[in-house]
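Input: one structure, supplied below.
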Amino acid sequence: MLKEMMENVRNKTPLIHNITNYVTVNDCANILLACGGSPIMADDSGEVEEITTICGGLNINIGTLNKNTIPSMILAGKKANELSHPVILDPVGAGASALRTNTANDLLKEIKFSVIKGNISEIKTLYMGSGTTKGVDADIADKVTDENIDDAVEFIKGFSAETGAIIIVTGEIDIIANEEKAYIVRNGHSMMSNITGTGCMLSAMTAAYITANDDDMLEACLASVCLMGYAGEIAYKKMKETEAGNSTFRNYLIDAIFNMTGDELEKGAKYESK
Amino acid sequence: MLKEMMENVRNKTPLIHNITNYVTVNDCANILLACGGSPIMADDSGEVEEITTICGGLNINIGTLNKNTIPSMILAGKKANELSHPVILDPVGAGASALRTNTANDLLKEIKFSVIKGNISEIKTLYMGSGTTKGVDADIADKVTDENIDDAVEFIKGFSAETGAIIIVTGEIDIIANEEKAYIVRNGHSMMSNITGTGCMLSAMTAAYITANDDDMLEACLASVCLMGYAGEIAYKKMKETEAGNSTFRNYLIDAIFNMTGDELEKGAKYESK
Amino acid sequence: MLKEMMENVRNKTPLIHNITNYVTVNDCANILLACGGSPIMADDSGEVEEITTICGGLNINIGTLNKNTIPSMILAGKKANELSHPVILDPVGAGASALRTNTANDLLKEIKFSVIKGNISEIKTLYMGSGTTKGVDADIADKVTDENIDDAVEFIKGFSAETGAIIIVTGEIDIIANEEKAYIVRNGHSMMSNITGTGCMLSAMTAAYITANDDDMLEACLASVCLMGYAGEIAYKKMKETEAGNSTFRNYLIDAIFNMTGDELEKGAKYESK
């Protein structure tokens, strides 16, 4: 199944419109190319609707958001909705400033997202910010562990029910869930937190996966999350062999996405459904 | 001849003012350093004229253009014209949105460019957008091939005659032409399209080449295009040897520019005049 | 002593707010992670005060400054002062345009910096721009050498006395000084000037060092400068061994920061006090 998802990306070369931060934008472009997609970056309100129109999917990432790009996110997201293009939100730093939290909440109000991807802290901020009283919140710690995973899955399914989006929560254990079904992914390596951009790259790549697999987005997300994590494992191994460090690890990570075959992904993916 | 062009860049260390996109800006800076030039990036309208004044050449790239940077491009371009500095235009995505097409056309109206570099689609957009009726247009496909190359060369010479600029059309086969003379370059590797920024990097490097060789810009463009393509071939070979992927390929490409000697370039360059 | 500084960074994981240029921002983020710090990039005036508040230190870099980010620098700097967070200024290109020179001077007026880091030309611009008459100025050439080093140290101590900041002047020989004491560092390699961003990366890393060692900032700066320079030496050696070029050198440089042990730094650091 994962193999088929990957082949669809490589065969269809989905064109992804990215409104993303300037810190990791180059990595997002290169990982899109590595996985078989094609990137366009455009964030001026004067062109984002047209650019989204010629693309297959949209990736909105609020890292380094500003007064000029926030309206562009809204415009592009609405246009993508109008055209039924898949849209993913990466609410980078939601909770760290009112501007980020409010922007993320505004985006949730104005745009129907196919996927929302964040760490547990960002996702909690958004779910709580929605005004619903959720008794379960207090039980979800700042980290998903084997001990709290069932609560975490319920929590995430709840947020999916509220937003209609597939939710991806990344961390040592990743969770991917819609209202009814969840996947737990145990790929990845702690080294991935020693470079900037693994989260942003995952969002960009996931945009390509859901665009090329729009009839099965939950499994497309699963494939993308497993691919990213497994590539991290391969990159870490190569980093140790070559006595490299975090900067070279970044290259190896993208290289591993580029070189991954469907069979390798099927073999290396570690996931279960909940 | 190519060797001499290269040595001029390395000996003169041309300082290049870049108003360019935030996706590939770091690669543009590093390739300028790799080839022997020196980069400055500045895009606020409050300083671009001064920055251009202290530089030798100007590189305008409209990828991720926005309301703030468009006026800066105009200001810097006019100042460079006033000072007789070489100016290159990379109309990234012209045709993909009205903002990009109109901006590129405005730039062509306001600024005299030494070189315009794009893919065949971007160049067609600009030539057609100029209002001239060109019966030949319809005959130029979206790709330059051995079959349509003579038509393509005529087309490009026509655009050069209209703009007074040297035109570089990149693709599997590259064409460099002024009104009278054209070069066909067959260097490069398809792997170059698996990373972001090869086009942007070529524009930045070409700015250095025409600035250091301003009495022979057509040949300077030829040298830059051959250098980029041949570096891509070298980088691909190294990528295969080291079982790397697209991210490492990017490093190898810039490394190859850095390490290239004039004799190697003369030997590796594959071009003919038309 | 250097070892202890390094361990403090790694143990405390200082969170650094960066308002920096889009050319080298990714390298700044990755070097912060390499050295044991943690980066946040945010430059919209609507959030910079909040972001600075949750961080431990602030890094202001005026490369690619613009009308939107200049007020953000002022706001963030004032907030950091209010909270007694260490703040570093990298006046990239001061002297190259009035906008940069004036902005740097405005920042010096509005914000109390813990550290100001630049090349000799930038530092001279700022010191002279302050209006004080300094007879010594004319004696400081554009490069610090063994011949003019005593004059340079006096000059830098003078600027420190005026600003209350530790001054770092980078070049072939680096000088770090407060009003009373100076260190001369002879680490580094000329290859470092063949990539973009070594200066920006040093500022970002130094922000982490002074934040994690705020009771001994002069020595924290010394450790950071030695670490950067020594990493450059290691990276150069590896570059030659692998027949790589400047792009790969950048990766090796950040890798070397990532892999450096305290003992290696103590052994490799070449400094003296003046």
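Labels for the chains are A, B and C, by order of writing; each one numbers its residues from 1.
Everything that follows uses one rule, which is that a residue touches a chain if its C-beta (ideal position, glycine included) is under 8 Å from a C-beta of that chain, and two chains touch if they have at least 3 such contacts.
Quick caveat, the model's predicted, so the values are computed rather than measured.
If touching chains are joined by edges, the resulting network of the protein chains shown connects every chain directly with every other. Chain B maps onto chain C through a rotation of 120°, based on Cα atoms and reported in steps of 5.
Where the sister copies chain A and chain C meet, the same residue numbers recur on both sides for under half of the interface positions. A separation of 34 Å divides the Cα centre of chain A from that of chain C.
Residue numbers of chain C whose C-beta contacts span two or more other chains: 22, 26, 68, 250-251.
Of all residues in chain C, those touching chain B in their complex are 21-24, 26-27, 63-68, 93, 96-100, 193-197, 243-248, 250-251. Listing the residues of chain A that touch chain B in their complex gives 22, 25-26, 29-30, 33-34, 39-44, 46-47, 50-51, 54, 68, 250-259.
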